[in-house]
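So that you can tell them apart, the chains are marked A, B, C and D in the order they are listed, and the count of residues begins at 1 in each.
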Amino acid sequence: MAATALDATTLAAVDAVREDVARLHRELVRYGLVVWTGGNVSGRVPGADLFVIKPSGVDYDELTPERMIVCDLDGAVVPGTAGSEASPSSDTAAHAYVYRHMPEVGGVVHTHSTYATAWAARGEEIPCVLTAMADEFGGPIPVGPFAIIGDDSIGRGIVETLREHRSRAVLMQNHGPFTIGRTARDAVKAAVMVEDVARTVHLAREAGPLIPIAPTDIDRLHERYQHVYGQRPGTQQGDR
Amino acid sequence: MAATALDATTLAAVDAVREDVARLHRELVRYGLVVWTGGNVSGRVPGADLFVIKPSGVDYDELTPERMIVCDLDGAVVPGTAGSEASPSSDTAAHAYVYRHMPEVGGVVHTHSTYATAWAARGEEIPCVLTAMADEFGGPIPVGPFAIIGDDSIGRGIVETLREHRSRAVLMQNHGPFTIGRTARDAVKAAVMVEDVARTVHLAREAGPLIPIAPTDIDRLHERYQHVYGQRPGTQQGDR
Amino acid sequence: MAATALDATTLAAVDAVREDVARLHRELVRYGLVVWTGGNVSGRVPGADLFVIKPSGVDYDELTPERMIVCDLDGAVVPGTAGSEASPSSDTAAHAYVYRHMPEVGGVVHTHSTYATAWAARGEEIPCVLTAMADEFGGPIPVGPFAIIGDDSIGRGIVETLREHRSRAVLMQNHGPFTIGRTARDAVKAAVMVEDVARTVHLAREAGPLIPIAPTDIDRLHERYQHVYGQRPGTQQGDR
Amino acid sequence: MAATALDATTLAAVDAVREDVARLHRELVRYGLVVWTGGNVSGRVPGADLFVIKPSGVDYDELTPERMIVCDLDGAVVPGTAGSEASPSSDTAAHAYVYRHMPEVGGVVHTHSTYATAWAARGEEIPCVLTAMADEFGGPIPVGPFAIIGDDSIGRGIVETLREHRSRAVLMQNHGPFTIGRTARDAVKAAVMVEDVARTVHLAREAGPLIPIAPTDIDRLHERYQHVYGQRPGTQQGDR
């Protein structure tokens, strides 16, 4: 891939994903999931073995579509594309690993959002005690292994954990949440929702015992939410 | 109702409620009561067996009056009206149940606001230890039953709980708050206030024992607030 | 006073205070001290037995100078002045009592800000464990008595508590903070700072024992802050 | 220095730092690290024994470059420069002490940000249990001594504490965080990050035991982050 110029169809698809990924970073800011330049969104390019991700260390105010970076599925920057003179997010290898091993995934998000990261610092999964959590995640939010940046261990930890769960979010131990989705927007929604439930369940539990939701009720809620609701049930994950 | 076109008077009344309901959703965002597309406001159409509610899964930024959806009191979308090609909020059946069984109610709001939902996850009512809570709710905020979406059980739980209380807010167990009001604005105010008192009482209690307010003082505060204050005492619930 | 028209000098002074008080309400919103229409600021009119206060139940977005209400020191609205057709804040009697009994006070603020109100719900004073608190308040933030709206008992509780303290803030039990200042701006600053220290000390203490500051150090800090700092040491209370 | 006019090269350097320091104060507001006029940023003037700091008691909205104040390394205002008619931040002596004793430091920031100050009120260092903390600070955030404003004791406490640590942040006991950096922007980033980790670790620990990160892993993370990442590895400290 490295020296090959992209054809016009692929370039058009890349440009659409650039717009989408640049815009979605604003949602991380709006929901208070990130500080400074932390956190990153990526989106798979439909019909190509490519994804688009944020550059490293650039202020959120300056994240225009042209500054987004195109990578192949090994996480290597595609030379000659807009943005390719800069370094991609330091978490690019983890995103690439997910795209290589989970073909159904169209978007990946990573943040250090406060409450989700607090659960991660204890290595404790978030129990499913809210109907919105059953709807969205179909059960508890699982914890992934402690893994150090620099090889595939973060990506492998994400994939191995999420393959066994309905949850689209994993809390990487001592690190923070990673979320996946059919699209980049879905993955951002999961990042927003995992922080929301992490906060609510944290606060609920510090004041007394939680009431569990029966597993059969969790199943019913999740099933209904994934298949019934939203304006375009075939193309996005549930909404209310 | 389904195939009947609305007359001009009703259409004008519907349009006024559309404006009101669309605008009031912004208050949910302003006060941080909702994330993503969660949460919904509805308003009864004066002089008709109709209410107006938000569409499902639409961003708050895009909630224009024309996209609001008109439903009859069984929760069925009125065909041929603006917005009727989209799906109404997934909580429409609960709103409809309240309008059918509580004719004095002109507005209903549902959110998953953080602190109110935390009390709901423990199934614990919020004790009345603040003068503002006595003013606004006339006592503790009650808890409603665990109920699964899909039939009338949520609506029934709301109505059965609120009929026995002065409170205009109920915490549905493991789910979140529903509030009612004489108008949609009153119900939104109750949604804002229930989160505010849920937060303050949560924080107060985690640091030590609370001082109760005597029931006779709660009665005096509530009575005065509902009848004395505000610029238009006949038409809205108390303000300071 | 009731039927007497104000002379031109007094009217000019009133208009200046209207501008000031209207603008200062925005600070309550900016710092998250108020929700809906709760909270109020008033300012004494220099050279007259009058003060200016917010109307009851009006949205913060709509608080223009002309809608502020002029009251005499018994809390009665001055007829014929702009805004006099509306009702003043339901807390007007408490503000009036403070102006009558503390001639050095030029501004009064009341909010139900979250953390300060949480201490008030336990009837617990905030210990002085921060240098910023020593600077600003010269010691702990005291608690005032439980008092019901409707007579002078709130105003009396404020005055009797603050007369014995260097603090410009009092936590009225089960109710919330009232603050005073040489000017309305000073009182607003005290309202902002009391919430800030209430939050910091709450969080500090929930994680373990606090380190006290020696009384002599508190005295030195308070003395220095009140007399040395700020651009205009003669006219405002300390700043950093 | 006092009576000496600055040459054109120095004036140009001063003006660049004025722009930078004025603009960086907005980041303190954006991240909620300051209330009212609390908190201050300073930046060293390259090639001169000078630094630029905020005036005392001026609203953040009014902090233009011309109002920033130029001081020599003893903290004395340079007469005849723009802004010199006003008083510099009350924390100027502490900033000056750091610049005199740590020639590698190009920027200093002080805030009373909530969670960092809460740890300071207990005199407790923040343990390193987050990978982002290992990246950024290379270990725990240390506590500095209790010190009273008015002489060099605050500055000395900062320097003596930070000289022994990789951390660019110190929690001054009962007071709040001071941070340093190669540039003013680096010091502001450290101020943002110290509050972020103070909050996350506070919340994590209140719900149960934390999982430590092995010292060798902390070393690897810190080493990599300081040397590998960011668009301009030679000129700024790590970014993601």
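We adopt the following convention: a contact is a pair of C-beta atoms (placed from the backbone, for glycine too) under 8 Å apart; a residue touches a chain by one contact, two chains touch by 3 or more.
Protein identities per chain, from UniProt: A, B, C, D = L-ribulose-5-phosphate 4-epimerase.
For clarity, every value in this text was computed on a predicted model and none was experimentally measured.
Common neighbours of chain B and chain C: there are none. Looking at which positions face the partner, chain A and chain D present mostly different ones, since fewer than half of the interface numbers are shared. It takes 90 degrees of rotation, in steps of 5, to superpose the Cα atoms of chain A onto those of chain B. Chain A and chain D have CA centres that are 32 Å apart. Averaged C-alpha coordinates put the centre of chain A at 46 Å from the centre of chain C.
Among the residues of chain B, those touching two or more other chains are numbered 206.
Taken as a graph of touching chains, this assembly forms a single closed ring in which every chain touches exactly two others.
The touching residues of chain B, when paired with chain C in their complex, are 31, 129-132, 189, 192-193, 196, 199-201, 203-204, 206-211, 213, 217, 220-221, 224, 228-231, 236, 238-240. Residue ranges on chain D touching chain C, taken from their complex, read 35-38, 40, 55-58, 86-87, 89-91, 112, 114-115, 117-119, 121-124, 146, 148-150, 173-176, 202, 205-206.
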